[in-house]
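Heads up, the next two complexes both have chain A, just with different partners, chain B and then chain C.
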Partner chain A sequence: MSEFFRVAWHIVRKDMTVEIRSREILFTTLLFAVSVVLVFSFAIVREGRAPDDVAAGILWVAISFAGTLAMGRTFERERYNDTLRALMLAPADRPAVYTGKLLGLLLLLGLVEIVLVPLVGLLFSAPIFAYPIMLITLLATGTIGFAAVGTLFAAMLVRVRSRDTLLPVLLYPITIPVMIAGVRGTAALFQATPDEPMARFWIGLLIFWDAIFLTLALWTFEPVMTE
Partner chain B sequence: MRKLTTPFIGLSAGMLLVAPWIINAAPYESTMGLVQKVFYFHFPSAILFLVASLICGVHSFRFLFMKRQSADAWALSAAELGLLFGALTLVTGPLWARKAWGVWWVWDPRLTSSLLLFLIFASYLMLRKYGGPGSERLAAGMALFGMLNVPFIYVSVNVWRTLHPQTSVVPTLPTDMGIPLWFCFAAFTMLFLALLTLRATLELQRARVEALYLAEDEA
Partner chain C sequence: MNRLTVVDVARHYGRRKALSQISFTCDAGEIVGLLGPNGAGKSTLLNVLATLVTPSRGSVQYGDRSASEGGAEIRGMIGMLGHDLFLYPELTARENLTFFAQLYGVTGVAGTVTAALDQAGLAERADDFVSSFSRGMRQRVALERALLHGPRLILLDEPFTGLDQASTAALVARLQGRQQAGCLIILATHDLDVADGLLSRAIYLKDGRMVGTDTESRGLADRYRRAIQ
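So, the complex of A and B:
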């Protein structure tokens, strides 16, 4: 088991080293997420004010769009340098490779969310500090569910011709349950009279989906990535 | 199974030909009237839509983990039928909803998740079509995730309070409504099985021809 985490840790460290030197994915993803928020504000704001209860939706749409971009880019980098083959040839468990990739992506998305959440709170006057622990739990569980499927799909699409268009096409229908739970849970916290039991219910559902998606992804990564 | 396809197609064609008269003879539902008769086609196609995704998921599992090459043809065949029966479900549903609820579409769990499953089938087939070589394996992985949606759809109406009738409605139908329902269900099921077998056979033959071409190229 310690071998498993050692491999995963090495992959995370490798990804982070590459990322810290170029900062390419972090900056592009972050700017893209902010642009998504801006585009939505133009679509929704009337007479200088946004309607109530839109902050949660905008937040999660921005996270999912930015997440798709980041997933595509992390694996595009592996493909471009032809290093994915080296990763697959390495004498390591395939699920450990998957876990490493997933953790790297989660770290990246976490950094994006640190900027994104206060921004949405500021622009749409959402009470982000009212229930900090619950909000963080919602964001973490939602992002894990989304990234668990996304990492698997992005990895398996590396060899496919039209990967950039196929990734969102495959990913969004599958991860909609996670999106619904994330948006509803966050909206329950952001509304005028916060509904704590409701948010807790959606967190429970998110944990349920996370467990299913993670198990299935760890399990299918090996046969799917075998050439 | 293959020997049964011709009688199945003939029988289901005959039954679907007679079905309008049988449905016409069924009594009118007290509150919804004429439009409720869409139900006799809506229910069978919705059930077969879910069955198709289960078949697709199970065969994808066999293909991916048990290395049965032929299972892939069955998964593909089930996915295409899922798209067909899903389209039937999603067309007949709003026709009914327009009269019964006053709107074409509501965003409740069952409707949303049916639309989702339809999209999953569509993207599965898209991956196979545009994915290039090796995409069967990727599509099989995708199908496993898609299959998770089925219990979610089936249970959703009973857990959440929605406009959609609960699944317990079907066993409690009066007999003169039950007979046309199960008649249509039998016809749809036979059509489904026949098409499933034919499409899988076609796909297996295509794979064989391709393998022969490849063998000839190498020789």
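So, the complex of A and C:
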């Protein structure tokens, strides 16, 4: 098991080093996510007030679009010079490669969310500090579920010519339960009188989906990556 | 792993047959060349041997185990230099080698990497980004990456591409050194001039099929032309 996490850790560290040098994925993803939130705020917010529940939806739309962009770019780097093959040749369980790529992606999305959530709070008057731990848990569990499936699909599609088109086509229908749970749970926390039990219910559901998606992804990674 | 046994291996992509009825055996201490024109199936066969591609039919035995039985342990015995070089251009030569040494579980990473950089003749440019290197320099780093963990089976896809005469001679000497150390080396190449005298055995491939084998190391070019006609 320690070998598994050792390999995953080295992949995360390598991805972070490359990203710190290029800042390509973080800047692109962040700019895109912020643009989405700004466009919606200009279109929807009138006299400082946004319709109920809109903030949660816009937050998750921005996260999912930005996440899709980041997933594609992360694996595009591994396609260049075919480094994904070198990772697959490592003498460790191949799911460790998946775990490393997933953790790297989660770190990136976490950084995007650190900017995105306060922005949504500011522009849509969403009470982001009312239940901070619960909001963080919702975002974390939702992002893990979304990224778990996305990382698997992005890896599968890395050698497919139309991968940029196919990734969202495959990813969005399967992650609909995660998006619904994320949006409803966040909306429960953002409403005028936050509904804590409802948020807890959606967090529970997200943990359930995460467990299913992570298990399936770890189980299927090796067969789908061996051509 | 002292012997590699390939039995009736085929690999199909839809209706296209990339490999058909490939069978051969080779032993530790040999340098085996896969020779053939473009599209002959050399790279596909190397990918099958590297456990990156599963054969549609047939089997590959690494010693007495198959890839599915050996898993990570088999992969630990394989070093591969691909046609693409498996290097990160955003990292320096030292960082690339360090990353792969850590990934492959090499002990004494810093010392191994420094020795590999010396071996590649790149000690002075160790901290330069790989993106600033010429093709030949990248090729040398990539070869060291493939050999970092002391693999017993070395798979090389067009290893002489982009190398000048001095670098080619150095690579040949390096491969002969690994051969004498008891490694099995399988390389795909178009460069018959370099292959001549280097190979213990040549396997001629055409349209995904074996069209001959050759155990004479000299005078390859004529026999190769006759075999693939």
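As a convention for this text, the second predicted complex is superposed on the first by the 220 of 227 C-alpha atoms of A that agree within 3 Å, B and C clash if a C-alpha of one lies under 4 Å from a C-alpha of the other, contacts with A are read in each partner's own complex, and residues count from 1 in each chain.
Assume contacts are C-beta pairs under 8 Å (C-beta built on N, C-alpha and C of every residue); 3 or more make two chains touch, one makes a residue touch a chain.
Since we're looking at a predicted model, the values are computed, not measured.
J.: What is the contact status of A:Ala140 with respect to chain B (first) and chain C (second): first, second, both, or neither?
T.: Neither partner.
J.: Going by the contact rule set out at the top, does A:Val160 touch chain B (first), chain C (second), both, or neither?
T.: The answer is first: A:Val160 touches chain B but not chain C.
J.: Please indicate which partner A:Leu111 is in contact with in the superposed arrangement: first for chain B, second for chain C, both, or neither.
T.: Touch status of A:Leu111: no partner.
J.: Applying the document's definition of touch, where does A:Asp82 land relative to chain B and chain C: first, second, both, or neither?
T.: second
J.: Identify the partner contact of A:Ala50: answer first if only chain B is touched, second if only chain C is, both if each is, neither if none is.
T.: neither
J.: Touching A:Pro91 in the superposition: chain B (first), chain C (second), both, neither?
T.: second
J.: Based on the superposed arrangement, let me know which partner A:Ile176 touches: chain B (first), chain C (second), both, or neither?
T.: After superposing on A, A:Ile176 lies in contact with chain B but is clear of chain C.
J.: Check chain A for residues that touch chain B in one structure and chain C in the other, and list them.
T.: In chain A, residues 226-227 are touched by chain B and also by chain C.
J.: Name, in rising order, each residue of chain B that touches chain A in their complex.
T.: That would be residues 64-65, 112, 116, 119-120, 123, 126-127, 130-132, 134-135, 137-138, 140-142, 144-146, 148-149, 152 of chain B.
J.: What part of chain A is in contact with chain C in the complex they form?
T.: Its residues touching chain C are 3, 6-7, 10-11, 14, 17-18, 21-22, 77, 80-83, 85-93, 226-227.
J.: Where on chain A is chain B touching in the complex?
T.: 149, 152-153, 156-157, 159-162, 166, 169-170, 172-174, 176-177, 180, 212-213, 216, 220, 223-224, 226-227
J.: Can you list the chain C residues touching chain A in their complex?
T.: Touching chain A: residues 47, 50-54, 71-73, 75-76, 78, 80, 82-91, 95, 99-100, 102-105, 145, 149 of chain C.
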